[in-house]
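The first chain written gets the first letter, and so on, giving A, B, C and D; residue counts start at 1 in each chain.
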Amino acid sequence: MLSEFQEKLCENHPWDFSDLRAVFFNCTLKRSPKRSHTEGLMKVSQEILEKNGVEVDVIRAVDRDIATGVYPDMTEYGWESDEWPQIFEKVRASNIVVIGTPIWLGERSSVCSRVIERLYAMSAELNEEGQYAYYGRVGGCVVTGNEDGVKHCATSILYSLQHLGFVIPPQADCGWVGEIGPGPSYLDEDSGGPQNEFTQRNTTFMTWNLMHLARMLKDAGGIPAHGNQRSLWDAGCHEGHVNPEHR
Amino acid sequence: MLSEFQEKLCENHPWDFSDLRAVFFNCTLKRSPKRSHTEGLMKVSQEILEKNGVEVDVIRAVDRDIATGVYPDMTEYGWESDEWPQIFEKVRASNIVVIGTPIWLGERSSVCSRVIERLYAMSAELNEEGQYAYYGRVGGCVVTGNEDGVKHCATSILYSLQHLGFVIPPQADCGWVGEIGPGPSYLDEDSGGPQNEFTQRNTTFMTWNLMHLARMLKDAGGIPAHGNQRSLWDAGCHEGHVNPEHR
Amino acid sequence: MLSEFQEKLCENHPWDFSDLRAVFFNCTLKRSPKRSHTEGLMKVSQEILEKNGVEVDVIRAVDRDIATGVYPDMTEYGWESDEWPQIFEKVRASNIVVIGTPIWLGERSSVCSRVIERLYAMSAELNEEGQYAYYGRVGGCVVTGNEDGVKHCATSILYSLQHLGFVIPPQADCGWVGEIGPGPSYLDEDSGGPQNEFTQRNTTFMTWNLMHLARMLKDAGGIPAHGNQRSLWDAGCHEGHVNPEHR
Amino acid sequence: MLSEFQEKLCENHPWDFSDLRAVFFNCTLKRSPKRSHTEGLMKVSQEILEKNGVEVDVIRAVDRDIATGVYPDMTEYGWESDEWPQIFEKVRASNIVVIGTPIWLGERSSVCSRVIERLYAMSAELNEEGQYAYYGRVGGCVVTGNEDGVKHCATSILYSLQHLGFVIPPQADCGWVGEIGPGPSYLDEDSGGPQNEFTQRNTTFMTWNLMHLARMLKDAGGIPAHGNQRSLWDAGCHEGHVNPEHR
C-alpha cells in the first residue's frame, strides 16, 4: 500500500511515537462487508502510523449502534441502546483522531455528522486543569468521493474538531476525487486515486504532522493551562467581568 | 477594554511571550476612518497579546493597495501597483496570524477572500527545511456581524490557514452576532457584544492558545522536518513511488 | 400562532391553492414526544399553507425507520427495514417540500443529511418527459438554533434541492437564532423568536412564494420539457457530441 | 463550441425567448486580455442563450472599477470612483443573471464576493408592488477550477441569489474540475473539460431552465404580489403583529 518513499520515511528517523494512540472514524454509509473507498485512503494514513508504532483503533461507525443526539448517553433520552459511551473511551485514550468521510451531494455523510454530534455531546467534560476534555489531542480528516467536494467536507470537519479543543496540525486534510461527473471511486481499478501524487503527498504530510504535534503536546503535558480554563473563567466572571449582570 | 479577569490573566503567569510577533488582518469593507466593528473585537485579542509583550501589526486591508490575484507580486501581471509584497514581509516575520472579517450575506468579506488569495499566492515558497513557508506559525480568526454566520466564516478561514501550513490551536475562532435580523453591530451602544460572555471567553481562549502554541513551536524550532518536506517528496517520488509514470 | 397580519393575508386573495400538497421534513434530533423547536417555527409555515387549503404531511424523520444509504430501498442492501420507500410516496405526491433542521456545531443535523441522502437516492428516476423526477416541485427550508448558523444550513439544503430538480422560489429560507452563545431556543419562554419580525417575515414570504411558484408550475404542467430531458440527452450524445468517445 | 445536439436543441422548439435579457458576471481574478477559463465555460451557456435570441451582456468584473462596499454608490462613502451604478442598470434590465467564478483554495473568488456584496447593496430597493427589486428574475452559476470545489462555490452563490429575490430554476449550477491536485484548467489542451458530458449536460440544462423560468415569470408579470410585499409587511406589522413592541 505504501510507496517506497512512504516506507522509507517510516524507517529512518529519530522519533519515538510508540506511546501514541489514534482513533480513526470511517464514516462511510456502507455497512461491512461492503467495500469502503474511504477506508481505502484512510489505510494509507493508518499504515504510516502503525509502522511508527502508533496503536490505531478503526471504528466503522455505520456498523455500530451509535444513537442520534447530543447527549453523552442517549439511553437516558429514550433510545433503547447506544454504543457511543464505549466508543468514546477509545477517544479519551487517544492522542490522535482522524475522521474519514465520503462525499454525497457535495457534503460529508450523515454518519459523519452523527459522529461529530456525539463528539460534541461530550464537550461539557473538562480535564483536571479545567480545560475542555479534548485539549491536548490532534485531529485530521480524510475525504473521498468520485467527483467534487474534498475541501468543503474537510472544512467543516476540521472546524468542528478545533472548536471542540483539538489542535489542527498543518495540512491536516487529505482526499481524493476524480474529474467532475460520475466516475470510478478511489479503490476502483483505474481510478488513479492510489497513484495520485497530490493525494498521497497530502495523506503522508497529514499523518506525519499529526504525529509530530501529538508528540509535542504529549511531551508538554498538553496545552499549558492558563487563559483557557473553563472552570476558572466561570469562577472569574463572577468576580470581575465588565458585564454588570455577572457581578 | 479588558475585564478584570482578562487583565489578571495577563499578570500572573510564568511564560514569556515577548519575543513573539503577530499580524492582524482586519478585513472590514470600510475604509478608515470609518468605525470597524471587526476591529472592535479584534482589539480585545490584540490587547491581550500586547499586555504579554507580543508585537502586533494591524493591517486594515481595505486601506492598502492590495492587488487582486494569486501571484506574489501582481505588478508582474498587469497591475500598476501592489503593496502585498511589503505586507507579506510582516507575515514572514510573524509567529501568529489572525484574520478578522465582517459577515455579509452569511459569508466572509470580499476583502478577506482577497487577503487569503494573496497568502495562497506565497504558498509555493519553502523554508530551509523544504517545508511550506507558513510552517511553524499559528493562525486564528475573529468574525463579527449583526445577525448570523460566525461559524461558517470561521470555518473557511481556518481551513485556508491550516491548508497553507499554519497550526490551528484549540478554539481558534471567536466572534459576535446578535439575534437574527437587522440589529446593532458589535461596537454599537447596547449591542451586548462587549458584554457577551461567550464572545469574550472565546476571544480570550483563542488568544492564549495562539500564544501557547506559538511558544511551543518557536521553542521547538518549528514543526519537526520529517515526512512533511515538499522538496524531499518531489525528489523522492521520482525514485520510488507506485505511480509508474514517476519512475 | 399567526399574527393578525399573517391571518389577514390568508383571507383576502384571489388564488386557489387547495389542490396543492406539501411535505414537511422536521429533522430534529429529538424523538417524539420531546418538544422540537424546529417544529415550532415550521408550524408557522404549515399553518399558512393549511389556511390556504394546502394539504400538509409532516414527517418527523427521527421517529421513523429511515435507513442510512443512497439507494431507493436499503433493505436490498443489508438493512433489515426501511420506511423510506413509503415516505417517498408522499414526496412524489407533493408540489412543495420543506426541510426543517436544527443547527448543531454550525451545521444542519445528521438526520437532515440522512433525509437528503435518501432524496438523492431517488434522483435517477425520470418523469414521463424524461426530466428528473423532482422537476415541477418547489422547495424551501426552515432552520432553528440558539446561536448561529441559519444561512449556512439553508445554503446547503437549498443547494441540494435545486440540484435534485426543485425550483427554489425567492427567499425560500427562514430561521431563527438568538445572540451568539448559549441561550433560549425558539419555543423557550422569552426567546424572542416568535416575536422576531425578521423571522416571521421571512417565514411568511417563503411560504407564499412556495405557493405562488407551485401554482405556476402546476398550471404550466411542470417545467417545459426541452433542453432539460435526461433521456434525450443520453440518446443525443451518442449521435452528435463533440466528445469523440461518444460518437 | 456547441455540440450538434446542443445546436439542434436551439433549432427545433416552439418557444420565443427573444425578448429576454441576461447579464453574465465573469468573476475571474485575471484582467483582460488574459485567458479566463471561467469565460470558456460561460460561453457555452451564452451561446445557447444567444442562439435563442436572448441578449447577453458579459461583465468581466475585474476589468471594471467596482468599488468595495455594501452601498449602492460607493463614491458617497469615500471611494473616488465606482462603476457599479452603471453596471447595475444592466441587472435591472435583465431577466436572467448568471455568476461565473473560478475556485481558489476551495472558495469562490474575491471578485465574486465583491459582486455579490454590491448586488446585496441594492436589496433595499423595492419594485412597484413593494416586493424586493430582484423579484421576477432568475439566477444561475458557472464554476471552474482545476481540482475541487464546484458544488461548494455554487452553494453560496445560489443561496445569495435566492436570498436577494431571484428564482433558482432546477439544476442552476454547472461547472468543471479535473482530478484532485494540480492539473490543466478548463480551456487548456487535453483538460477534458469541453468534452465532459456531465459538465456540458449541466450547462445545457441550466441554460434552458433559466430560459423556461424567465419566460414563465415574464409572462406572469413576475411573482404574484401577495404575502411577499415588504412595503405591506412593514405597514401591517404596526397594526397587528403579536410582537407588542410593534403595536
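Rule of thumb we're sticking to: a contact is a pair of C-beta atoms (placed from the backbone, for glycine too) under 8 Å apart; a residue touches a chain by one contact, two chains touch by 3 or more.
Model, not experiment: these values are computed from the prediction.
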| item | value |
| --- | --- |
| Centroid-based (C-alpha) most distant chain relative to chain C | B |
| Pair exhibiting more inter-chain C-beta contacts, C-D or B-C | C-D |
| Separation of chain A from chain C, taking each centre as the mean of its C-alpha atoms, in whole Å | 31 |
| Between chain B and chain C, centroid-to-centroid distance (C-alpha), Å | 37 |
| Length of the line joining the C-alpha centres of chain C and chain D, rounded to whole Å | 23 |
| Residue numbers of chain C (touch at least two other chains) | 105-106, 151, 155-156, 159, 163, 196-197 |
| Parts of chain D lying in touch with chain C, wherever the complex brings them together | 3-5, 7-9, 13, 15, 48, 132, 134-135, 151, 154-156, 158-159, 162-173, 194-197, 200-201, 204-205, 207-209, 211-213, 215-216, 220, 223-224, 226-228, 230, 233, 236-237, 239-246 |
| Complex interface listing, chain D residues touching chain B | 29-31, 34, 62, 68-70, 77-79, 104-114, 116-117, 120, 156, 159-160, 163 |
| Parts of chain A lying in touch with chain D, wherever the complex brings them together | 105-106, 147-152, 155, 175-182, 192, 196-199 |
